[in-house]
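Working notes, structure below.
When the chains are written out, they are named A, B, C and D in that same order, and each has its own residue count from 1.
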Amino acid sequence: MSQFQEKTEITRIERLAVDIYRLTLLSPEIASAAQPGQFVMVRTTNSKDPLLRRPFSICQTSSGKYFQILFKVVGRGTSLLAHCREGEFLSVLGPLGNGFQVDYNSANCLVGGGMGIAPLLFLGKTMLRKCKEQQPIVVLGARNKDELSPLVADFKELGLLVHAATDDGSLGRHGLVTDVLKNISFGTECQFSVCGPTPMMRAVHFFCKEGEYACQVSMETAMACGMGACLGCIVPVEKGGYAHACSDGPVFNAKELLWPIQ
Amino acid sequence: MADTIKADLSVSIGSLKLKNPVMTASGTFGYAREFEPYVNLHRLGAVVVKGISLEPRAGNPPPRIVETSCGMLNAIGLENVGVDRFITEKMVSLQDVKVPVLVNILGDSIDEYREITKRLAGVAGIAGIEVNISCPNVKKGGVAFGTVPEMASAVTRAVREESTVPVIVKLSPNVSDITVIAKAVEEAGADAVSLINTLIGMAIDHKSRRPKIANVIGGLSGPAIKPVALRMVYQVSQVVSIPVIGIGGIETYEDVLEFMLAGATAVQIGTANFVNPRASEEAVEGLACYVKEQKLRSIRDVIGALILP
Amino acid sequence: MADTIKADLSVSIGSLKLKNPVMTASGTFGYAREFEPYVNLHRLGAVVVKGISLEPRAGNPPPRIVETSCGMLNAIGLENVGVDRFITEKMVSLQDVKVPVLVNILGDSIDEYREITKRLAGVAGIAGIEVNISCPNVKKGGVAFGTVPEMASAVTRAVREESTVPVIVKLSPNVSDITVIAKAVEEAGADAVSLINTLIGMAIDHKSRRPKIANVIGGLSGPAIKPVALRMVYQVSQVVSIPVIGIGGIETYEDVLEFMLAGATAVQIGTANFVNPRASEEAVEGLACYVKEQKLRSIRDVIGALILP
Amino acid sequence: MSQFQEKTEITRIERLAVDIYRLTLLSPEIASAAQPGQFVMVRTTNSKDPLLRRPFSICQTSSGKYFQILFKVVGRGTSLLAHCREGEFLSVLGPLGNGFQVDYNSANCLVGGGMGIAPLLFLGKTMLRKCKEQQPIVVLGARNKDELSPLVADFKELGLLVHAATDDGSLGRHGLVTDVLKNISFGTECQFSVCGPTPMMRAVHFFCKEGEYACQVSMETAMACGMGACLGCIVPVEKGGYAHACSDGPVFNAKELLWPIQ
């Protein structure tokens, strides 16, 4: 297993929106082992409060040396991360979990909502590298333009076309990503890779079920360890019982989960 | 690193010889293999695996865990594969890990404890059994075995009768006087006691007005509980003559020393494994340096060496 | 500020009407005057003063306090001026503070509790008595009154007989089943219960190999114990019909709401007063905003309003 | 009572030696109410760990707006303070306790050891302001030159002569402050104001007892509240029982304490 516990140096901190930040971290080990959809567990403080690490998707890697995480400040851990300084070191575990399993030569659609867009950038970039002929269809949603436009810009920089939707209509379509999906025609072979708030993933799953498209979703749960040890991060599965988001996922075949997940 | 080998860190838990006093606590170290990327497992004193019941258990619905101030609550609900699959699947993979494996067991009746122990008897690679008695006794309306001396001693006796390896009884801290329970299980034949299991706690989200874990109440662990654990280890060490294994909020070698000074022969690291997966190995390294720097003949010199005012 | 008055925050503890549910906990707010530079005392629901014994007590030798992870241990040893000087000196100065004053009392025998209560009976300005039953019963070899239902109920009965004001019994969390003690003191005539007092803990300095407090063991308080306190408040609220006062790790109005959702009618803020001396008043302000924002008729709507899964 | 709870702005952070720092904090309330020997309780973090405030002597005030604290990094709280940034805010309670009671027109001797020197600078400055004719005798000790010289410099800047002693002889006399005291001749009226490690204060107290000089000492104990509420900060007193360092002190008449204090 290529997992590492690293003191990674923060080489860059960018504030993309009022409460959205992107950190660039130096770790050749993690950067070169990472797969799209995998995540890292980050210690947000040297103190014992908050105690536990926080999970973040790997949002991008570069030069096999750096990787990025993109996050929104929602509580104390993310607030501490936002107050870090360049040059400081963060303790990071990773890369963890199972990423997206995609057929790079098939038609692909990436659907992201909010911070769920983070792992899709990594996935989109990988798709472009692995298959020059075909570009994935990208559908991104967020609350408003301020939050969405810096993320859309990243995809555009890769040369990808983005279909956007915002809750308030300030960028792209006024509404949900599923409203956008309904207006696109997908080939039957199209495979969906989805990450975002659970209600959104549920909606996309049902859209895919109807259209009989393959659909993978990346699940977010509370996590204490990130490596299959605490059994805290469960999601109910179709066949009964639970799977563990950190070690069986976080990316699951949507059909194997027991919807609706709360 | 080579130096580490020279410091005498060995301790004995009954007939069980450990190369050092640092174990990992049940439910916080998976089946050990999860930690291979971070820890040289064979450098640990022992690993204690997740609690095993007679039948497989799916565990509690989510959410199962929540962070609290300097701690966490869990209500995993004892999810496990059951003793038979544990033996055929997990123990097999644990065999190549060159570290003593202690199996933590639980049940909701004395018969169940007895039956699990029977099935584990003679299984290769099991160095000892740790009996979790914080579980509810279904026949007594759900009162935890570990809170009533008679029940604690009945479980101990049953497991002791069937076991071919040392039996460690893991005590619940949710009692008025833990020394009474400790004495009861010692008398019933326990080869050692380990303490503490989690304190019972609760967390509420005032916005949704709901408990933060689906099971409503859960077990509190982590640095928050260390003072309570240390006090109980100290108290129990005064009254029993079997070895005491200290558990609760331990992360560093300094924490280990505190528990040993209070009377513990060995310790277990729990929640800290989540925060720093290398915690257990780093504690061993720290103890080795300590023994050398202090020029101790053995780490055993620290056990119970607390100086009272 | 003026707005605050409009929100209905009032609650009743027996015959005692409080303008809001926020009190300060015994031993953490001095005799209230210490906090005058920081707090408008008359905006609090009530203040509970440091525990009073029959005779003056010098308390324990130093060190008496030490910080722990998200908490602190104290072994003040119940230093106080004794009930007579309390009445002549402290109560007199407390009179001009326009806030209900609850007197926390303690003893090492039932007679002592009774005698203190007698002397307090009729003293102007005392709105209620809070009985600390976590103290050792000297006649029973030092077992704490609060850990044995019969002793807890005997103390309660004695105080209730002599008291002219509402009697709140303050429960110890160091018990196997706090509901048993709560029911015992309710039956013995308590007008309310408050919980929790401190958990018993210990801290060791590995360098000197000595306990960090001279008394060896002490009481653990602060955010670390909040999950345990919340759980006990929840459990006790299910089994008694007298009001429950929640204590343990409370700092903000959100913490207050959590305890009230669990079933508390009022709360006490303890250790947080040291970290933020304005904590109690800020909690009152926070509750007032909450009641208005949520358009509640009264804060009482929150009591026991926890939604179970 | 003039005590305040303030969000004070850190206007300056100076690193005086490897592990000695001085913070300048903006608080007109605290600065103008402070008396030499008083202290403040500082919150070192917004997190709950470390939980309690830390006590620091007021080391100097200026322009009735600023005050300074001088500290050595000895643990987590002081380490957090050392990592603060200028422009950040610290929550401070103060000024607390009873300061030095001195007859400014009498002969005075200030004896400081280590960080105990901090309050004596404030006291020395005040003496110079209140009485132009007579300068206090200043005797300062520390482990070595690195630690002592920046503190000596502060007194010299005020125009005060300093007798120094260091444990390793790297600055001033090789030895203890009492070795220095023995070689100075004091008028019988001389009043001693002392702050430093307890063994040093004990030694100076016995020196004063012998010479029948008045002697005040500033006691350090563990403190939770700093305002007389927790009863944690006791020192044994001559007449039996205990006094509270925060509210009865921290400055005491040495004769009223029960020596030897551990």
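Note that contacts are C-beta pairs under 8 Å (C-beta built on N, C-alpha and C of every residue); 3 or more make two chains touch, one makes a residue touch a chain.
Nothing here was measured: the structure is a model prediction, and the numbers come from that model.
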Between chain B and chain C, the fewest steps along chains that touch one another: 1
Whole-Å gap between the CA centroids of chain B and chain D: 47
Centre distance in Å when chain A and chain D are each reduced to the mean of their C-alpha atoms: 54
Chain A-chain B separation of Cα centroids, rounded to whole Å: 36
Overlap residues in chain A, where contacts from two or more other chains coincide: 48-50
Multi-chain contact residues (two or more partners), chain C: 61, 69-71, 222-223
Chain-level touch network, classified as line, ring, star, complete or other: complete
In the complex with chain C, residue positions of chain D that touch it: 1-5, 43, 48-53, 91, 93, 221-222, 224-225, 227-236, 240-242, 247, 262
Complex contacts: residues of chain B adjacent to chain C: 61, 68-71, 73, 147, 174-177, 199-204, 206, 208-211, 214, 216-217, 220, 222-228, 230-231, 234, 249, 254, 257-258, 261-262, 305-309
Complex contacts: residues of chain B adjacent to chain D: 69-70, 223
Chain A to chain C touching residues, read off their complex: 48-49
Interface residues, chain D side, partner chain A - complex: 45, 47-50, 76
